[in-house]
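Some structures to go through are shown next.
There are two complexes below, and they share chain A, which is joined by chain B in the first and by chain C in the second.
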Partner chain A sequence: MRDQRLWTWHVAAGLVVLVTLALHMAIMHLDALLGLFNPAGGHPIDWANVAARSRQGFFLVSYVVLLGAALFHGLYGLRTILHELGPGPALRRGVDVTLLAGGGVLFVFGAWAAWAAFALARTV
Partner chain B sequence: MLDTKGYPNRLGLRGWVGGGRWGLERYLYTLHRLTGLGLLVYFLLHIIVTSARAFGAAAWDASMARVTGPVFVAGEYLVFAAFVFHAANGVRLALVELGWAIGRPIEPVYPYRTSVDEQRPLAVGVLIVAALLAVVGGLDFFVLH
Partner chain C sequence: MNAPARVTFRIRRFDPVRQSPPSWEDFEIPAVAGMTVLDGLRTIKETLAPTLAWRSSCRMGVCGSCGMFINGHPRLACNTQIAELGSGPVTVAPLPNFDTIRDLVPDLRPMFDKHAALSPYIIRDDHDEMYEPTGEYGQTPEELEEFLQFTYCIKCGCCMAACPTCATDPVYSGPMPLGQAHRYNADSRDGGFTTRKTALAGDQGPWRCHYAGECSRACPKGVDPARAIQLMKRQLVFDYLRLYSQPCPAGVVTPAPASARRPDVPEAPAPTVDVSRARTSPSC
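Moving on, here comes the complex of A and B:
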């Protein structure tokens, strides 16, 4: 029952990633064709463009939503693959704890970076 | 989902990499997992590399300078291509999981029909969409830049 619920969340998170990551890919990698959200021109990773996006609340929220959804979707997918290899109960528990802790740390770190960039870009 | 019902996974890694004669969808399953693992590895590193933006322009430029060059461009294109396949195939999997695009239930009357026949156009469509998006991406990555 618990795995069924987690699987449903995995699918739902995948749909969130589909939308937010498609937007991210379009901005960062289809810039010559679409030119979205790069107000300074040039390359999307030029600091002027990064700062311009970072200071917008929309990008702060969408980055954090993408971060959380992608971490859950990716790490739950990895958990499924590792569990299918047939580890014993102790190792399964170790995999679960490691992925949960690692995902939590990366989420906090990534969300902090998005918030710090937002605050920094607001001051310049 | 993960309950093995007491049966050991004797094939291990070979069990999900090799699809034998199980058809196109079985190989899409393998490719979905491979692209998913590749995207996950890239994503975890991406979180760390792009966190440099929190420290200002100099830190950001120094961080980006470490990941430039043709090898990284080719690697990023692979990530883009993996994403478009994983996304398109993920939509197919979600549709099939919800019972859509697999046809209506029918009486099991000989000659039997398989729902794979109903699903196959969707699988082919996924490959066409992913290939088209990969070509568009390739145009932006390698021609227009």
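Moving on, here comes the complex of A and C:
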């Protein structure tokens, strides 16, 4: 049941990454064609454009969702590779706990960074 | 008159009694038209190496006993002609991803243990009908097509030998057991998905398959276990999302009133199993 659940979330996270990454690519690399979310014109990573995006709740949510989905998708893949190296049950458990803890720390740190950028952008 | 062509067999030998590491031994024998690798092994055993050991039975690609690693690919020795292997020596080793019992004899027990753990048989509630049948379970040609190709599996182990995941992960069930589990999950007469799911949803399930596809390439019977594994993944994902529920197993088809048993068709033999010990599955 556990692997069935994890695999399903792995696929779902892959789809979320696909959508959010496509949005990121469209904003960052197709600005000349689409001009999405770059209200100040110029380059997408100019301060005015970054600040304009960061003060929107939509981007705060999409950053956190992308972070969570990418972390889960990538760390589950890493877990699969490590399990295939043939560790014993105790080491498998250790791999699971380490990846879960590492993923949790990275998620909290990344989510805090997204929130901090949101809060900062609202003040300027 | 031309001298008969000769072919060299390079065979990996292993004697468990001596406990020495496996070694390679060369044998040169006359090659004849239509000669298979199995024919060559027989000639070598009869004339040059009487202690050479391998496993074979039917000699026509049906029993699945003679799976070997021939010129770097898992194949059936009886189904591989030396003419199709090119002009070099014929290299024969036991199937990889299995322990070796002796010479070319792999230990297939782990594969069959994993196979048995996935309940590869029809599971239904109606035990009386299964053991004292009054008719046939109905199945359309379309329903048969859903699993027919997977019934051609002969359990030779070639797919397991070709699987890169089986090479490193001892917990993974492998293409043959998973393909056979799907064969029964996809059978419209079966009601055992829930029973099999207890194993398939965990470590033994299809989740470690990377879809390398080597199992399907290696299968001497043209079965596509890689496809079965992907279909099984989809079925299990849909099951987790509550988007799949196994339909009720097919019921008995009532014979037409005018039909009578042909006098030349014998009655079914008496049951040879203890019906009272039959396993149950949830009611449909």
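By our rule, the second predicted complex is superposed on the first by the 124 of 124 C-alpha atoms of A that agree within 3 Å, B and C clash if a C-alpha of one lies under 4 Å from a C-alpha of the other, contacts with A are read in each partner's own complex, and residues count from 1 in each chain.
We take it that contacts are C-beta pairs under 8 Å (C-beta built on N, C-alpha and C of every residue); 3 or more make two chains touch, one makes a residue touch a chain.
These numbers come from a predicted model, not from an experiment.
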| item | value |
| --- | --- |
| Touching partner for A:105 - first (chain B), second (chain C), both, neither | neither |
| Touching partner for A:61 - first (chain B), second (chain C), both, neither | neither |
| Chain B versus chain C as contact partner of A:40, first or second or both or neither | neither |
| Touched chain A residues, chain B compared with chain C | B |
| Partner chain in contact with A:5 - chain B first, chain C second, else both or neither | second |
| Which of chain B and chain C A:91 touches, first, second, both or neither | neither |
| Intersection of the chain A residues that touch chain B with those that touch chain C | 3-4, 6-7, 11, 80, 83-86 |
| Interfacial residue positions of chain A with respect to chain B in the complex | 3-4, 6-7, 11, 14-15, 18, 21-22, 25, 29-33, 45, 47, 50-51, 54, 67, 70-71, 74-75, 77-78, 80-81, 83-86, 106, 109-110, 112-113, 116-117, 120 |
| Touching residues on chain B, where the partner in the complex is chain A | 1-4, 8-9, 12-13, 15-16, 33, 36-37, 39-40, 43-44, 47-48, 50-51, 53-57, 60-61, 64, 76, 80, 83, 87, 90-91, 94, 97, 136-137, 139-141, 144-145 |
| Sites on chain A touched by chain C in the complex | 1-8, 11, 80, 83-86 |
| Touching residues (chain side chain C, partner chain A) in the complex | 165, 168-172, 197-198, 200-203, 205, 207-208, 233, 236-237, 239-241 |
